[in-house]
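Shared between the two complexes below is chain A, which has chain B as its partner in the first and chain C in the second.
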Partner chain A sequence: MLLFKLAFRNVIGAGLRTWLNVIVLSLSFVTIIAMQGLYKGMQYQAEDAMMQVEYAGGQYWHPAYDPYDPFTLEDSHQPVSGAAQRAVAAGDAIPILFTQATIYPQGRVSSALLKGIPPEQEIMEFPSEQLLQSDHALPAIVGTRMAKSNRLAVGDYLTVRWRDANGTFDAQDVQIVHVFSTIVSSVDAGQIWVPLERLQSMLKMPNEATLLTLRQGLTDPPVLPGWDYKGLDILMADLREMVTSKQVGGSIMYLLLLFLALLAIFDTQVLSIWRRKKEMGTLMAMGLTRRQLIGLFTIEGGMYGVLAALLGALYGTPLIVWFATHGWEMPEMVDDFGFAIASKLVPSYSFFLVLGSTLLVLATVTIVSYLPTRRIAKLEPTDALRGKLT
Partner chain B sequence: MNTTTQPLIELNNVVKRYPMGTTFFTALEEIDLTVEKGEFTGIVGPSGSGKTTLLNIIGSLDSPTEGSARVLGNFIEKLSHKAAASLRNHHLGFIFQTYNLLPVYTVYENVEFPLLLLGLSADERKKMVMDALEWVGLTDKIKSRPAQLSGGESQRVAIARAVVKKPELVLADEPTANLDAENSHHILKAMVRLNQELGTTYLFSTHDEKVIQYLRRKITLLDGKIATDEVMTPQGG
Partner chain C sequence: MTGVSLMNRTGGVLILLMLLHWTPLLNGQQQPTAMELLQALDENMVAENRITVSTMIIHGRRGSRSIQSKSWTQGSEKSYTEYLAPARERGTKMLKVGDQLWTYSPATDRIIQIAGHMLRQSVMGSDLSYEDMMEDQTLSEMYTPEIVGSETVEERDCWILELTAKTPGITYHSRRAWIDKERNIALKETRYAASGKLLKEALVQEVFQVEGRWYPKRMTFKDMLSTGEGTEFIVNSIAFNAEIPDYIFTKAVLRR
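Here is the complex of A and B:
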């Protein structure tokens, strides 16, 4: 308690240098917390969007289906029967069928995923109903990314070539009847959506599907023999991993800031131990032990962290509250970020995030403050009093 | 500790040597010295004669290379770092040539410091600090910082800080070396008075003639040895 009191007097008494350190350190406090919240908000927003548009209440995959291996698509389809059929009939699930296809936009050749979806489905917030409005033989909808990369517009025709269940190639023109916009690039990039029954007959796979998407809000996912259940945890795992890796990449910036702040504090400590030799000698003459001196200087350094946390809270809180309510307008380019993010990010700050980051910075500051003080352990009172530089 | 029958300070055959390359430099040679409670004694001698070294050993800031130094019943050469700190904290007061006030503290806080270390209550501290500042005549400067004080005022604050806890022994290393004549006299008079009123023992090092006229005993060091030890009749005070 005594040392805290003395340290507080010293830190406040040191004036400008203290405030410079405290300002730099508080900047890194606020940046770290702001960035963490941004990534968390990004993750929640992406998860939310993916749930709305793609995963709903979870999915059942054909056992052979592997989203990272297009060659598995050829084998990953099976009839929807038994329990699966009953779930579909009850409106608890919808079947979706995938196949690999070749497309010929503007005379070029490119590959795409052809996906069949029941147009009348309401499980996902996906504009499949647009497929109902057309009288064209094979209506199709695509996302804005797909439309942009292949220069497609509503009304355009696109030749699609595929292999049916027997391995026979066939081709047909689809008409783009709608272009939808979504932040979930995994239902957009490289994909063409057509009515499920049309795709089943084109592929000669009547009543078959690659996966089933479950309705949201079911308390227990039903057991569907022959299908592998993939809960949201599994489906979102990739996203979370990606957010974490972005987070690590993004943290370089604020680690640099923190490093600068710590450097300033380390420098201040080294300097003050060097400059305040005589003061230390005086304190020792008055009966302070070396251990107390080390404690005093460490607490002085740690106090920069405490003051920075207070200062950061002073200007950081309104800033962070403002961002959390108004969101953060993102420039266009971040659409290529790798995963779904909205044009407006709403950061998410949890109590634990703020507390955790604060404790982490405080601990680091204290350790950095302690390191230079170990020299005091060898300090002789007579040398200190003479202000001799050893 | 029994200070009534034992002398306050008793040095026996104290030697202090500093390593110098392959040999040693002898700063103090076979010092035998006894100081009784209530003395007002000065150690004089030319620069480099060992005055500071001797005071540092008595003040438990340093330890003798050989011999034994008993201060207030403690053998300095046997004290641990922590025990020495405790001895200084409880029983010794220091006054330095360069005042050594803590720059970020006010006058009041500087004087209060030794009492904080002793863990005294706020009420006790306040009373003792005000008393000490009254002894040195600085009650009107309690809120000033050391940078705002003159040299004489600074040294008076330092004296108040050394005596505020009423230590048995005050060690002052050239307390007037940075002061003009008027301030030197002022300070010495303050110390003489405290010596008489509180019975505090004072041990100085000095080569200032003004100090010497206040002394009741003068010990002269030459090349680390006691050359003379005389009883004086104080002219000042």
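Here is the complex of A and C:
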């Protein structure tokens, strides 16, 4: 306890030097916690949106289907029969059919993915009910990204050309009946959604699908022979990897800040030991062991961390609370990042995140504070009293 | 790629349809049957081999550009094209053997097989897609013909031949061709989707006679769903039944 009191008095007594260290270190604290929360928030938002709009409770894919290989799309369709048909009838799954198509917005030629979805489905929070508008020859809905890139608006007609199951060209005008907004670009960019049965008829693929999307909350996914199960862990793997890589990239900034703060503490400790030789000799003469002396200096260094945590909490808490409440407006270009980023990022701070980050910084500060004090282990009291450091 | 080079690749199923040279069978004296017309067409479309130098003029939104190429064609299944100009395209090569198509780009020194969705892409920005080049059956194998009338095209009297796919797997469900009654060459062709929507149109503006065949000198091919002005094909020179060594139709030739 004596050591703590002594250390505290020394640290406070150092005045401006202490507060400069504490301020820089507290900035590191706040930045680390803020950034970690931001990435967590981004991941949670994206996962939540993707579950709601696209993946629901998981998917069953046609065995040949590979979303990263457009070559597989042509053969990725099969009848929804047997167990799959029963799952669809029970409301546990919805079939979705894909095909590649050529579109002609304003007479320009462009590629698109034509997707068929049951308009009445309720498994995904997707505005498929808009496709029930029966007064249109072939109603279609598109996302805002698709609408923007092809200059489409509600009411516009768009010529779509495709090949049916036999390979014969067919073409038809579709009318855009709704433009939806979603942060999930994988259901939006380059895609046109039409009623499933109409697409099956257009492609001459009756009752066929490319994949089945499962209802959320199914405790055990049904066993569907002939379909490959893709759980949320698999479906979200890319997103999680992307967030992790962004996290690593972003950590460089706050690690740099932390490094500067630790360097300042290290310098302070070295300087302190060099300038306080006589004080160390006196303390040893008064009965303090070398080990206690090392402890004293290490505690002094560690106290920078504690003070920084307190100071950081003082100004960082309201800042982080405001950040978590109001979010962070994203520029428009993030729509093109290829994964679900909300227009406003809302960070997510958990108790363990704050505690973990704090303990990590405190431990690092303590270690850095300890390193220069190892010289004290060889200190002779008589030398120290004479101002010598061997 | 030029119209003729494409014809060479497809054995005439596509562009060559318009380039037909009829035998004296038609010659304006007596109306031939539709099947006679089509069979005569097939006989004239596929030469044993052919070497063509041609120019393709692509009319785009930002102006026009010309691409010159030389093609070697054997029957209806094998075709090899090398681009000669402009400098940017020079050295690009394309090989079609049966139902497989490869391209070689000197800039990347890579051979790419064109398949799947890539077949839907435009060839050099023209109105033709790679899949337009992949058909190698004769028209009489694919379509049931019917003569539906006669009409004047480019100031020439033509038979109108309507072709309907015999089987479901044919790329274009139906076509219509305007055949010159005297010169026995198709001067215009339209291609339709299963829904009846007009997809493509080809129009021959100038013809010339080569080794007894009437051949198009200049023609325009247009994707009717787009607003572009189409792609023009000009045949600079053509030689029938020329000697073509076998190595020309191997993948190794792409890197030579």
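Convention: the second predicted complex is superposed on the first by the 365 of 390 C-alpha atoms of A that agree within 3 Å, B and C clash if a C-alpha of one lies under 4 Å from a C-alpha of the other, contacts with A are read in each partner's own complex, and residues count from 1 in each chain.
To be clear about the criterion, a contact is a pair of C-beta atoms (placed from the backbone, for glycine too) under 8 Å apart; a residue touches a chain by one contact, two chains touch by 3 or more.
Computed from a prediction, not measured in an experiment: that's the story for all the values here.
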**Asked** Which of the two partners, first being chain B and second being chain C, lies in contact with A:G167: first, second, both, or neither?
**Response** second
**Request:** Quick one: classify A:G249 as touching chain B (first), chain C (second), both or neither.
**Result:** neither
**Request:** Give one of first, second, both or neither to describe whether A:L2 is in contact with chain B, with chain C, with both, or with none.
**Result:** first
**Asked** Once the shared chain is lined up, is A:L288 touching chain B (first), chain C (second), both, or neither of them?
**Response** first
**Request:** May I ask you to decide whether A:Q106 touches chain B, chain C, both, or neither, giving the answer as first, second, both or neither?
**Result:** second
**Asked** So, does A:G217 touch the first partner chain B, the second partner chain C, both, or neither?
**Response** neither
**Prompt:** Taking the contacts chain A makes with chain B in one complex and with chain C in the other, which residues are shared?
**Reply:** none
**Item:** Touching residues (chain side chain A, partner chain C) in the complex
**Value:** 70-74, 100, 102, 104, 106-109, 111, 159, 161, 163-164, 166-172, 204
**Prompt:** Taking the complex as given, what residues does chain A use to touch chain B?
**Reply:** 2, 5-6, 9-10, 12-14, 278-279, 281-282, 284-291, 380-382, 385
**Prompt:** Once bound in the complex, which stretches of chain C touch chain A?
**Reply:** 115-117, 120-122, 165, 168-173, 193-195, 197, 199, 223, 225-228
**Message:** Can you tell me which positions in chain B touch chain A when the two form their complex?
**Reply:** 56, 59, 61-62, 81-82, 85-90, 94, 96, 98, 100, 102-105, 109, 113-114, 116-117, 119, 161
